[in-house]
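Below is the structure I would like to discuss, written out as structure tokens.
Chain naming follows the written order as A, B, C, D and E, and within any one chain the residues start at number 1.
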Amino acid sequence: MQLARVTGQVVCTQKDPHLAGIKLMVLQPIAPDGTDLGRTLIAVDAVGAGVGERVFFVRGKEASFPFHPVEVPTDAGIVGIVDHWSLG
Amino acid sequence: MQLARVTGQVVCTQKDPHLAGIKLMVLQPIAPDGTDLGRTLIAVDAVGAGVGERVFFVRGKEASFPFHPVEVPTDAGIVGIVDHWSLG
Amino acid sequence: MQLARVTGQVVCTQKDPHLAGIKLMVLQPIAPDGTDLGRTLIAVDAVGAGVGERVFFVRGKEASFPFHPVEVPTDAGIVGIVDHWSLG
Amino acid sequence: MQLARVTGQVVCTQKDPHLAGIKLMVLQPIAPDGTDLGRTLIAVDAVGAGVGERVFFVRGKEASFPFHPVEVPTDAGIVGIVDHWSLG
Amino acid sequence: MQLARVTGQVVCTQKDPHLAGIKLMVLQPIAPDGTDLGRTLIAVDAVGAGVGERVFFVRGKEASFPFHPVEVPTDAGIVGIVDHWSLG
């Protein structure tokens, strides 16, 4: 999983029916020190995250677990909103 | 998931039978600002996208979900045609 | 999925029994313009491709779908021989 | 799988319910010679690892196996604490 | 799949119970011409490979197939010892 900042939202009316009603957010992955880290991506939102919030997200089929038993065709999903992190 | 521009189509007559009747499109991934981002790839099309359209696609086994119960051997699939996106 | 050129074959007698009788080909991924694109890899062959042919292949567990119900331990498989592709 | 050093912990109260009670650790992947290797990531902890310890972790859906039958939405998980390794 | 050279072994006593009794080898991926190609990784061994041997390995969940029905939490596994390969 990786940390990210929510930077936007994607709107599309013509899509796979299993994506109906699911928010599609634009994420910028970030490093633990808060700097940008790699490419933006689109992720489904399972926790009600808003633009500007820091989240962590999961890649792969497991991004669809929170929507089970619906088989959401996604490879990235926000699974938590970050309060803070500590570095040892 | 990632944004992409549909740039072409692949034709092959000799292929795995589970791919029969499925369109294979060439995609150029793009960043939210519309610029090219990384390598082209081949994706199956689940939403009727045409060359020139902006879409978003999913990587991995979940690209075969829209064709369920057919076990389509693919690792990338177009799952939505983009209307627009907003950046916060 | 990606386009590739078949460049060789791997021979090994001591292997997982689920790979018995399956051809293992060396692939060089290529871009739509035919130039090499990234690292060579080993893929199982589900369509009878030969050295020198242009194919497209799938990555991940779905590379084992054509051999179902045998659970072939592979992460890459040739699923089509390319006739041609068009760029829009 | 890869070797890593545990460098921190992530705290978040608003998250997918299947992550409840699971520790989220910050990992720095390392090479066999102990030097840093690539980007930090967040992983669930299945073995009770602490900050500063050397571990090895798995990527992908299989990171959720130790929590079975709970379908933990993760793509990385610590599965062992390293005693030592030998290089031939 | 990729070719690799076995370069070492990892020892850990505190690990996920599904990894009990399974050898964990350090792999250096190699190109078809024998040169090193990318980062070392840790893989489970399903074929009895030893340090110094040339093998090919699989990435992803399918690395656990040879241990079925045990759900081994791994993302890389040696599935064959290479005799030789030919380049066309």
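As a convention for this text, a contact is a pair of C-beta atoms (placed from the backbone, for glycine too) under 8 Å apart; a residue touches a chain by one contact, two chains touch by 3 or more.
Note that the structure is a prediction, hence the values are computed from the model and not measured.
Asker: Considering only chains that satisfy the touch condition with chain B, which of them also satisfy it with chain C?
Answerer: none
Asker: Suppose you hop from chain B to any chain it touches, then on again the same way; how many hops at least until you reach chain E?
Answerer: 2
Asker: Quick check on chain C against chain E: do more than half of the interface residue numbers occur in both copies, making it same, or fewer, making it different?
Answerer: different
Asker: Report, in degrees rounded to the nearest 5, the angle of the rotation taking chain A onto chain D when the C-alpha atoms are fitted.
Answerer: Superposing chain A on chain D takes a rotation of 70 degrees, nearest 5.
Asker: Taking each chain's centre as its mean C-alpha position, how far apart are chain A and chain C in Å?
Answerer: It comes to 32 Å between the two C-alpha centres.
Asker: Taking the mean of the C-alpha atoms as each chain's centre, how many Å separate chain D from chain E?
Answerer: 20
Asker: For chain C, give me the residues that contact two or more of the other chains.
Answerer: In chain C, 60-61 touch at least two other chains.
Asker: Starting from chain B and stepping next to chain C, give every chain of the ring in the order they occur.
Answerer: Once chain B is placed first and chain C next, the ring gives B, C, E, D, A.
Asker: Could you list, by residue number, the parts of chain C that touch chain E in their complex?
Answerer: Those in contact with chain E are residues 6-16, 18-19, 24, 26, 39-43, 51-52, 60-61, 64, 71-76.
Asker: Considering only the defined contacts, which chain C positions touch chain B in the complex?
Answerer: Against chain B, chain C makes touches at 1-3, 31-32, 37-38, 46-48, 56, 58-63, 65-66, 68, 77, 79-88.
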